[in-house]
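Since the structure comes first, as structure tokens, the remarks are kept for the end.
Naming follows writing order (A, B, C and D), and every chain is counted from residue 1.
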Amino acid sequence: MTDTPDAAIAPDAAAIPELVLEVRDLQTHFENRTGVLKAVDGVSFDVRRGRTLAVVGESGSGKSVTARSILQIVDRPGRIVGGSMRLHRQDGTSVDLAALDPRGREIRAVRGREIAMIFQEPMSSLSPVHTIGNQIEEALGVHLRLSGAEARRRAVELLSQVEIPNAAAAADRYTFEFSGGMRQRAMIAMALACNPSMLIADEPTTALDVTTQAEILDLIAKLQREHGMGVLFITHDMGVVAEIADEVAVMHAGRLVETGPTDGIFHAPRADYTRMLIRSARKLEQKAEIRLDRPARTAPAAPLIEVRSLSMTFGKGPTPLRAVDDVSLAVAPGETLGIVGESGSGKTTMGRCLLRVYEPSSGSIDYRRADGSITDLVTADRRTLKDCRREIRMIFQDPVSSLNPRMTVAQIVGEPLYVNGIAKGRELDERVSALLAQVGLEPAWRERYPHAFSGGQRQRIVIARAIALKPRLIVADEATAALDVSLRAQMLDLLIRLQDELDLSYVFISHDIGVIRYMCDRVAVMYRGRIVETGPTDQVCDDPQHGYTKALLSAIPRPDPRERRLHTRFRYTA
Amino acid sequence: MLRFILRRVAYMVPTLFAVSIVAFVIIQLPPGDYLTTLMADWASGGGAVEMGTVEVLRERYGLDQPIWIQYFYWISGIVTRGDFGISFELNRPVTDVIWGRLGYTFLISFCTLLFIWALALPIGIYSAVRQYSIGDYVATFFGFLGLAIPNFLLALVLMYVTVSYFGTSVGGLFSPAMVDAPWSLMKFADFLAHVWLPILVVGTAGLASLIRIMRANLLDELHKPYVTTARAKGVSEFRLLLKYPVRVALNPLISTLGWILPALVSGEIIVSVVLSLPTTGPMLLRALLAQDMYLAGSIILMVSVLTLVGTLVSDILLAIADPRIRFQ
Amino acid sequence: MSDIATTLGEPIAPQPSPLETGRRDLAVAGQWTLFWLKFRRHKLAVVSLVVVALLYLVALFADFIAPFDPNAANARYTYAPPQGIGLFLPDGEGTRFAPHAAGLKMEIDRVAMRRVFQADPENPVRVGFFVPSAPYKLAGLVPMQRKLIGSLEPGKPFYLLGADRLGRDIFSRVVYGARISLSIGLVGVAMSLVLGVVLGGISGYYGGAIDTAIQRVIEFLRSVPTIPLWMGLAAAVPLNWPPVRTYFMITLIISLIGWTSLAREVRGRFLSLRTEDFVLAARLDGASEARVILRHMVPSFASHIISVMTLAIPTMILAETSLSFLGIGLQPPIVSWGVLLQEAQNIRAVSQAPWLLFVPGGAVVIAVLALNFLGDGLRDAADPYSR
Amino acid sequence: ADYRQAPMLDAKVADGSLPAVAERLPQAPFVETLIDGPGRYGGNLRTTILGGGDQYNITRTIANETLVRWTPDWTKVVPSIAESVDASPDAKTFTFKLRKGMRWSDGAPFTADDILFWYEDVFSNPALTPSKNQTFTVAGKPAVVEKIDDETVVFRFESPYGLFLQQLAYGQGHAPIIYPKHYLSQFHEKYNKEGIPALLAKNPSVGDWVSLFNSKVSPNFQPVYWQNLELPTLNPWVLTVPYADQDRVVASRNPYYWKVDPAGNQLPYLDGITWAKLDDVQLMLLRATSGELDYAFRHINNSTYKSVLYDAQEQGHYRLMDVADLPANDATLILNLNVQDPVKNKLFNTKDFRIALSHAINRQDIIDLVYVGQGSPAQVGPLPEHELYNQRLSDQYVAYDPEQSKAIFDRIGLDQKDAQGFRLGPDGKRLTITFMVADVFGLSYPDIMQMVQQYAAEVGLDIQIRTTDRARLNSMWYANEQDAYIWNCVGGRAEAYTDVRCYMPFQKADIFFASKWADWYADHSKGEEPPAPVREQMALYDKVNEAVTDEARLAAMKVFLEKAADNFYTIGISRPMPKYALINRDIKNVVEPIPITGNLWHPAPTLTQWYFDRPAP
């Protein structure tokens, strides 16, 4: 706050801004008895005052480890084995962070004071048993030696700066009382507490919907302008990169494959991997090619599933939460219905109601069985429900948590076949192998545990489980949110092809309108438990009627640095 | 919070009734009754046993009644008059004789608890932070050693060593010279000189499990992201450890706090007999052996009440310590 | 990276993982191989596994290993000290290999009422392996006439680890005691385990009224001091039962009380697991409730169960000493480590025959430590997340 | 005469709160015969009792005052509280002359009225005494007591009761002299009908005057007796800290005690006695070895502990002295001849079965092991040094002869065996005898039983052992539920006359080989009529009671014991060896060895003359 923006960092300044961090040939290895994992393998880059360096790359390519290496907080058995990380201070001195003792006083003075970090998982990165205020004050106490009252005043000030409403009261609340977005903002407040000269932001917006994401990005940009921070921004969302980065570094398999100004990366990528990345990002801007090739649908068939005035409330008492509020929709056979909406709008809840995982409080779900009879799932008895659940399957929002970590992939994928008595023994094994092959996984890996797979592979395991019973409808809940763009495109293509092959219908839940446009025939927009707009995808995307839909569309960052538009987005207030 | 406490207290009532019934039944399970003991006493004095007298006494004590009627008299006395019946053997109302002993019991249990915590926490933390180090193994070894040696044997060996090599008087909580003295600094010192033995003996048994629990809990927490967050703020390792993972790892321990009490009281029974402590242990054991049923039943009931209260207190403490529970 | 057969034309390339070259063996290993690979890394656990296996072999082949009947009394050698075993004996010009136990001279001190023993180096007792013995049935099945180790000079004292107040061989008693202590004790632990998991599971999985009921039962059981419970229930066991059955019954009684803490922890785990997506997924797969609980939820806290069990075993072995102290434990002629420890529970043993205490005590400590470290190893190996 | 008192009383006498010593003593005090010589006043005897339920250790230490007493060597009955006693030639009337001027411990006079209070208001009151103590009954009829004058009372019996004075001289004869009328009448309905409701109101734990009375005093020295500090007594020490919840019991000198030494010094010499209430025997041992006990006998006198105590004599400043605790047999296998199981009943009542079991046991081996060679194989019978010694009774069937044992078993129909080699009973099932074992008297019964079990197995007899505590064993034998148990057997010396429970079914206490026959003996309308040989023996015992002179009694008793040898009820293992007690090295005037038996309490008979032979501090 005290320092005014430096002339040197003005965007139009000709001079190259001064260096904050100079990383050369960084190597971080994880050693265990069976070998060495070279998570970061000779990475070099610079971070400059007032500038943003975005790091992109596929999941597991070493982005987070790189970030953690800078602060020497890599988890055991990780170890920095080579390279230098020179931190340049404004007084002209500099220090090689790689040479400091990770438990020493010097590195501690840097952490939080000169270089602050926002962690990837905002949900678990805050202590569950301390108040938010307490956690922010801690940094102030450690570095600035502020007294209790002063630290508190500053903490409240920081919280209001990151636009937490009623900051003074919020400081006394606990982590679990904050929503995801609020936690993310609290993390930012914490990181900014000591006016660091550099901020590391590790995927700070993955968990957020586009509108909230936009706000956070605005916030970081504003603070960066005010304090002249250097920012290292890790993300896999090319749209965000295009929106905020000055420079981009692309990582693949522990190495930097390309570094350069944002515009160059997007419009003249040199490395193959970068090209593929950009291509995928572009591809997801439009309707899937496979779908374009499909023959046009003939007369609309009788709907496979028809939902009428479905409502679902959480909690009792005077103010129950109406998570799903009078929703009606229908899905035709072979059709993909997209559900979009911001985080917390009730998409998952609605999806789960379809399988009656949650008991709807009112409404009906008419499901047309294969023999043409119609069953109302809301009132179906256990046996009927069980039968219907073989035909309606679910892909969970989070592949990690929906895979039992203590079962092998073969067991997981085989489970529905086994418990429904469809196959066992050798036959089961063969069926599982075939299923894995169908989703593009090496059948030989079926004895591995889920943790030995990458995020994209896990997603495919989930899909394999979902199609094992030859379902007619799949409720796919954010099936691709955790993936990087290239994988995401592959995955969506896989789903579309499966649809063609098995004559599937999808209810496709996402908060990413790009994905919806790529994938869906029709789309329903959810806002606070209600469906505010429904229609064919193109119509809704190109000509949104409802204010909320407009705001949503305007907040989506485009993967092109020449079309930055976040500052021009709509805001919707109900 | 208040509602929570009230509800818990309300739950305690049926539990207590169940405890009182079971206490009453189990002390009646062994064959015979107090008069059997009385007859054995007579016999050991070389005297003749007059069966007529025994029968009259049995009637007088109400021991000829069916068990539920005996129970009803006892429980209605407690509920309506706070009268726990009399101890046949001590010939005094139960309430007169147990308070002092309950006091010492809880004093010793409490000291033991402090001792266990004071030792187990640092060791457990060390074991977790330096997992699989020599120190971890040594701590584990000694913890299990304490677990693997029967309490009374340890008490005996320690007493023997104390007598043989230091020549101090063992057993009891005070030396004979100090029993009657009013409380003074000297008496307190004398008390300390005696109380370490039971604390050590009972404590070692509980040490290992607490070390292991602490270690396991802490290992779970140690690599949680919020620890790294704190580290990234520049907090020193030691402070970090205490403020975050240890704090969270303590919660499961707090919730079992109330449960340690009956374990200590039970563990204390045999040790107290060996050390002749003025606690409820020897009295309960004697009352059980003598089938002095109102005394035995009342001690069991008292210990149970205190356990339930202890559990309640630890639940309240837990609610204070862990905001996630408080706000549920 | 590209020869994957798919039914869908252009395959999706499996996620590249060039980073993970070093740990491929772990990543692709089948579950049992993986388990073993991980277990093997835990050196102490491997050693413990060997120790535990040895202990069980000893228990199984007690008749063969123990030189004497555990109840064979010998009036001449009450409280004989351990003789130990030596390998070489001086012989004319040098030493020769001759396993032997140190000789003992005995005198009776009638005033002090004891036998006084002195080492008698002149008179070592020759020891042999696979010595002939009275016929017996190994493990109750195989007829045998040889023992692993025995004195070659019958009539001379042969007490490797000393003798007790009735001149019984402590070594033999400890060997036989392993049978009871390592079997029935474990049965009790297993009982508590089953009860704890089932009832805790029901409580946590279904919640509601049944949960409240089970919680009250647990609270109730926890709040009754154990010793009166033991005494009362043990007194209710019929007198004419054979000792082993009586003891088995008492073990069951102890475990009936012991399940509560496990149940409470299991309940906690269930409460949190019940909302996990993978559990929901299993339900949507059509798995029955029992399968969801046993196959999907229980393994998630297997490591916890293992550590609880390893802590419960010493408690079980020692509960038996407490029972003996109270006079409701094992009845003679059955021996167990608990009985042996209880017999050492007097000043005479502590001051004049410490081997009575150290030998069974050592056995318990070794068993407890080995089981614990084995448990540690199993837990780590069972956890797919551990390094 | 010229009497002196303990210095601790001087101050009280000086300030007038206590009368002078001559006024406190009776006109003719009991003059104690000293063992070593006159002692020195002062000192506190530190001894111990085991937790709760050991009140008899207090009783045995300080409560042994009876109208007549045994001489310390247990050979003669002499007057004690009574100045003299006269027995009529028909052994039916006994006249006691009390000591004039004798006082209770609170200073109130002790007269014939106190004895009459016992007789009329306690003994004859069915509420207070529902069944009459056997000491004061003969052939089921209680004594009639009359007061002649303040110092004279007469006891009359309907049938001859030649053993009355012997009985009265044992500890159990205390009943007539523990009821101070002046104190207890306030709790008695007859004397204080109006006052009792108020007293009851003050004491809510008792419901009526009977309970109230019973909570102030108790026959048989139940715990109550040692809990009432107000109760006046004739004992040498009176309680100052009661036997209750505290971890010790303390007694202090009775200033009105009525015995003097030959020099006129009022006894006792010791100022007081403290019993540390310890809950565990091991702790007792430790206290002993560290010199914190001046005297200890019970609980620590296990043969196992002797060597521990022996080694610590120097450190603990004590010595081990011999105690003639010499019952008829130290370890006796007692088969229940009235056992409910018909198969076992028939077998147990076959004398050959008992003989066979007796031959199966290697007594010498047991003695070597458990008693370190001290003791000798023997059946139950008076000891060789006693006038009643009967060699046949003691030595029959003691030989270790498994072959003969097997032969007898085979002969009496137990020749069938099962796969494990155990004999089958006539019903075709394995014959299993369950022996109850309690760890009492420090005699290692569990160890002995384990050996017996092995010997029995060698001859094919299956014996099972159940360890238990004394109280449970009690409840079993009163309910006649036991097969068999192991115990010691009284009657090694003089008490063989009065206490024949090991020689005949004679229900008194803790020896129950035929409780139903014993019931029949006490009252022919109860129990079960025994077979002829047993009935004949019972008639012989009645003859013993009719004898008035010592010679006649001895002769009758010898005939009786011959019959006992014929009947061979129980299987003895070992003739006892002397036990030991621990005593401070400075204590003098100790009879050595002290004779002890269940009825003859110790060290009470000579404790008043014990003194510490060391300079006053």
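We adopt the following convention: a contact is a pair of C-beta atoms (placed from the backbone, for glycine too) under 8 Å apart; a residue touches a chain by one contact, two chains touch by 3 or more.
The chain lineup, named per UniProt: A = Peptide/nickel transport system ATP-binding protein; B, C = Peptide/nickel transport system permease protein.
In this text, all values refer to a predicted model and were calculated from it rather than measured experimentally.
Undergrad: Centre of all protein Cα atoms: which chain's centre is nearest to it?
TA: Taking the mean of C-alpha atoms per chain, the most central one is B.
Undergrad: With respect to inter-chain C-beta contacts, which pair, B-C or B-D, contains the greater number?
TA: Taking the two pairs in turn, the one with more contacts turns out to be B-D.
Undergrad: Using mean CA coordinates as chain centres, what's the gap between chain B and chain C in Å?
TA: Result: the chain centres lie 27 Å from each other.
Undergrad: Take the average of all CA coordinates in chain B, do the same for chain D, and state the distance between these two points in whole angstrom.
TA: Roughly 39 Å, centre to centre.
Undergrad: Take the average of all CA coordinates in chain A, do the same for chain C, and state the distance between these two points in whole angstrom.
TA: So the centroids are 50 Å from each other.
Undergrad: Going by the contact rule already set, what residues in chain C reach two or more other chains?
TA: In chain C, the residues touching two or more other chains are 235, 345-347, 351.
Undergrad: Find every residue in chain D that makes contact with two or more other chains and list them.
TA: 282, 286, 289, 469, 472
Undergrad: Residues touching two or more other chains, restricted to chain A: which are they?
TA: none
Undergrad: Which stretch or stretches of chain C touch chain D in the complex?
TA: Chain C residues touching chain D: 71, 73-76, 78, 108-115, 165-167, 235, 239-240, 242-243, 327, 331-333, 345-348, 351-352.
Undergrad: Which part of chain A faces chain C closely enough to touch in the complex?
TA: 32-39, 60, 62, 77, 253-254, 355, 357, 386, 389-390, 393-394, 396-398, 401-408, 415-416, 419-420, 437-442, 444-445, 447-449, 451-457, 460, 465, 487, 490-491, 493-494, 497-498, 501
Undergrad: Could you pull out which chain D residues touch chain C in their complex?
TA: Residue positions touching the partner: 281-282, 285-286, 289, 303-308, 310-311, 365, 368-374, 432, 434, 439, 446-447, 449-451, 453-454, 464-469, 472.
Undergrad: Could you please specify the touching residues of chain C with respect to chain A in the complex?
TA: Within the complex, chain C contacts chain A at residues 4-9, 11-31, 34, 41, 276-278, 280-282, 284-288, 291, 296, 299-300, 302, 382, 384-385, 387.
Undergrad: Which of the residues in chain C end up touching chain B in this complex?
TA: 44, 216, 219-220, 222-229, 231-233, 235-236, 261, 304, 307, 311, 314-315, 317-318, 321-322, 325-326, 341-342, 344-347, 350-351, 357, 361, 364-365, 368-369, 372-373
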